[in-house]
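Please go over the structures that come below.
Common to both upcoming complexes is chain A, partnered first by chain B, then by chain C.
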Partner chain A sequence: MPELIGLVLFSMLGITAIGVIVIKDLFAVVMLFGIYSFLSALIFVNLDAVDVAFTEASVGAGISTVLMLGTLALTGRKEKTHTHKSILPLLVVVITGAALVYGTLDMPPFGDPNNPIHQHVAPRYIQDSPQEIGLPNMVTSVLASYRAFDTLGETVVVFAAAIGVLSLLGLPKRDRAAINSGLKQHMVLRVVAKLIIPLTILFALYVQFHGDYGPVGGFQAGVIGAAAIILYTLVFGLPNATKVLQPTLLRGLAALGVLIYCGTGVAGLLLGANFLDYNPLASDPVAGQHIGIILIELGVGLTVFAAMLSIFYAFAGQAERTNIQ
Partner chain B sequence: MSFIVDYYNYWVAVFLMMAGFYLVISAGNLVKKVVGLNIFQTSVFMMYITMGKVSGGSAPILAEGITSYSNPLPHVLILTAIVVGVATTAVGLALIVRIKRAYGTVEESEFEDKEDLI
Partner chain C sequence: MILETISAICLILGIFFSLTGAIGLFKFPDFFTRVHAASVTDTLAAILIILGLILRTEFDLVAAKLLLILVFLLLTSPTASHALAKSARHGGLLALAETQASTKPATTKKEND
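Up next is the complex of A and B:
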């Protein structure tokens, strides 16, 4: 039965992709892409990857849709139709695709427990991590402890991307108060937003501190927290939002998150273990792992929250500037 | 039937990858190119998560009475890749905004100077 659900969901994903190619209205394309992300999240649930599904639903469907819409507001929503259609791209794609499909026939069959991928490090993670790390969620154990070095790299990439966007788009000017900014005149939106925002922030905190036990963690928490503030910005306008959370504060928070992460690693070094080894942080290795994981999840959450929000502020500031002109 | 179930996920991943590839090389609008890149990227996610699945297994969260778990390693790799993917998409979109400001268009065919073509 799960296989059948998988077949249907994968087919729907393919159809959505065709829709994205064919449709010329870019607003519809971005909305379809949001649907595409939610479909992907469903597929991930069906394939047991609940952590990934949570991330895709919050990040892929939430933040990237908002950012693409922000870009469309600045660049226009219609794609120009070409006068001359070339057959060459289609030919290249069909030949490459045929070669790749031929390649998939050498892949091990789907779902077989004897596949090579399940023989190498996975048994160690599945059998020993509950005792070694003391967490029921193996994904968190691998993410924050066994492969914490990878995660550090990814956190730094998010931080670097935020710096890149800020240097490309500049910082929003605070004193230029736009009166018509936001959607304040819509009463329903205003009331509903005020109801939802505190709950969203509360949920983000739950996600942040429940990562040890459920399919959640710092990445998702940061994004959900940023989504709450993004909602506030959309309804009440950028000037109000920057009064609550100043861009300078956000830049500081993003750096602080990376600092906490690296600091936890260096603390392990100073206590005589390897970089990002949490065992010596407490007298009991499992308690040490707990402290280390909570700290680096906090660092990840802070950096992702601040980076995503800074990126959104930069796009919103651009849109506001264009509106004033 | 079992042959199709065994390989269907990989074929769809290839199809999505090619759909994204097609958008990147044929679309004239830069925003659409970025959407194409994102589709290309999700196809890789699908491939990894498909490989991590064990038939009859459960999500890799320790629970009473469950003996077979899916592989947690691809989940970790893809989870972080999704967040990084959005961050890099944001950089791409920011570049598009700057291109619009500098050249007044985001359509490849409308760049006046041939040397400006992307």
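Up next is the complex of A and C:
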């Protein structure tokens, strides 16, 4: 049965991808990308990778769609028509694809327990993580403790992306005269948004601090929190949102998140262990692991939240500037 | 056993309404009727499917979470449909009847088309 569901989902994924290539209306393409991400999330659920599915649904389908729509507001929704011939790129793509397909022939069978990936470090994680770290959700143990370097890299990538976008677009200026943006006409939307936003923030906090026990963590929490503020911005206007959460504050928060993460690592270093080793953070190694994981999840959540929101602010600020001119 | 039967009926009805919503989305003639069809999927089908799923749980935390999802969907989906329709209206899109009424005097000859 899972194979059948997987097959259906993969064919829908393929159809969506073809739709993305064929359709020229970029607004529809962005919507299709959202559908693509949700389908990928379903495939991950089907493979029992709920953590990845949750991340894909919140980041891929949620925030990316909003950011791409923000880009469309700046660039326009029609795709440029190409006049040059595209035979060479097609050839390159076909050859690369064929090589990749040929490469998969050498791969071990899918889902076989004897595959190298299941024999390398996975047995050690499964056997020792309950004693070493003691979290019910093993994925968090791997993500935040065994593979903390990888997660640090990901957090820094998010931070760097925010810096890149901000240096290109710039944050919206606070002293500018407030414009009547937002959806003043939509009474229903405003009321429902007021109902939903606090609940969304509450859910983000739940996701943030429930990472030890469920398939959740800082990345998703940051994105969900950012989504709540983005909803507020869309409904009540950018000037109001920047009054609540100032762009300079966000810039500080994004850096603070990375600082907390690295600081946790350096604290371990100063207490006589390796970088990002949480054992000496408390008298009991397991308690130390708990403290370390909560701290770095907090760092990840802060950075992702602030980075996503400042990228959105940058797009929204640009779009409003374009609208005025 | 009774619960399972009720749950199955709910799920099948929910699937039926999703399907009619999808068919309506493709078959209906203009934007507003299509939004109407889609919103049927969003509300009625969602209620029925989640109700069917709740009846299959042990009435524990999972049921509570499903109920919360249902409340969330019932808040957001009609709002989304409303916002869509209102924006279309605001943008000057006319309903099918209005379009026909406004084009009739001008193009009486084309009515046979």
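In the analysis below, the second predicted complex is superposed on the first by the 316 of 325 C-alpha atoms of A that agree within 3 Å, B and C clash if a C-alpha of one lies under 4 Å from a C-alpha of the other, contacts with A are read in each partner's own complex, and residues count from 1 in each chain.
Convention: a contact is a pair of C-beta atoms (placed from the backbone, for glycine too) under 8 Å apart; a residue touches a chain by one contact, two chains touch by 3 or more.
All values reported here derive from a predicted model rather than from experimental measurement.
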Side-by-side fit of chain B and chain C on chain A, or clash: fit
- request: Please indicate which partner A:252 is in contact with in the superposed arrangement: first for chain B, second for chain C, both, or neither.
  value: neither
Message: Quick check for you: in the superposed arrangement, does A:134 touch first (chain B), second (chain C), both or neither?
response: neither
Query: First (chain B), second (chain C), both or neither: which does A:196 touch?
result: second
First, second, both or neither for A:188, with chain B first and chain C second: second
- prompt: If you stack the two complexes on chain A, which partner ends up touching A:285: first (chain B), second (chain C), both, or neither?
  reply: neither
- line: Rounded to the nearest 10 degrees, the Cα-centre angle chain B-chain A-chain C in the superposed arrangement comes to 90
Field: Partner, of chain C and chain B, that touches more residues belonging to chain A
entry: B
Query: When the two structures are overlaid on chain A, which partner does A:79 contact: first (chain B), second (chain C), both, or neither?
result: first
Task: Please provide the least distance in Å between a C-alpha atom of chain B and a C-alpha atom of chain C in the combined superposition.
output: 16
Query: What does chain C use to touch chain A in their complex?
result: 72, 75-76, 79, 82-83, 86, 90
- prompt: How about chain A: which of its residues touch chain B in the complex?
  reply: 3, 6-7, 10-11, 13-14, 17-18, 20-21, 26, 29-30, 33, 36-37, 40, 43-44, 47-52, 55-56, 59-60, 63-64, 67-68, 70-72, 74-76, 79-80, 82, 86, 89-90, 92-94, 96-97, 100-101, 104-105, 107, 109-113, 115, 117-118, 121-122, 125-126, 130, 136-139, 141-143, 147, 150-151, 154, 157-158, 161-162, 164-165, 168-169, 213-215, 217, 219, 223, 304, 307-308, 311, 314-315, 318
Task: Note which residues of chain A are touching chain C in the complex, please.
output: 185-186, 188-189, 192, 195-196, 199
Query: What residues on chain B touch chain A, complex-wise?
result: 5-12, 14-23, 25-32, 34-36, 38-39, 42, 45-46, 49-63, 68-84, 86-91, 93-98, 100, 106-107, 109-110
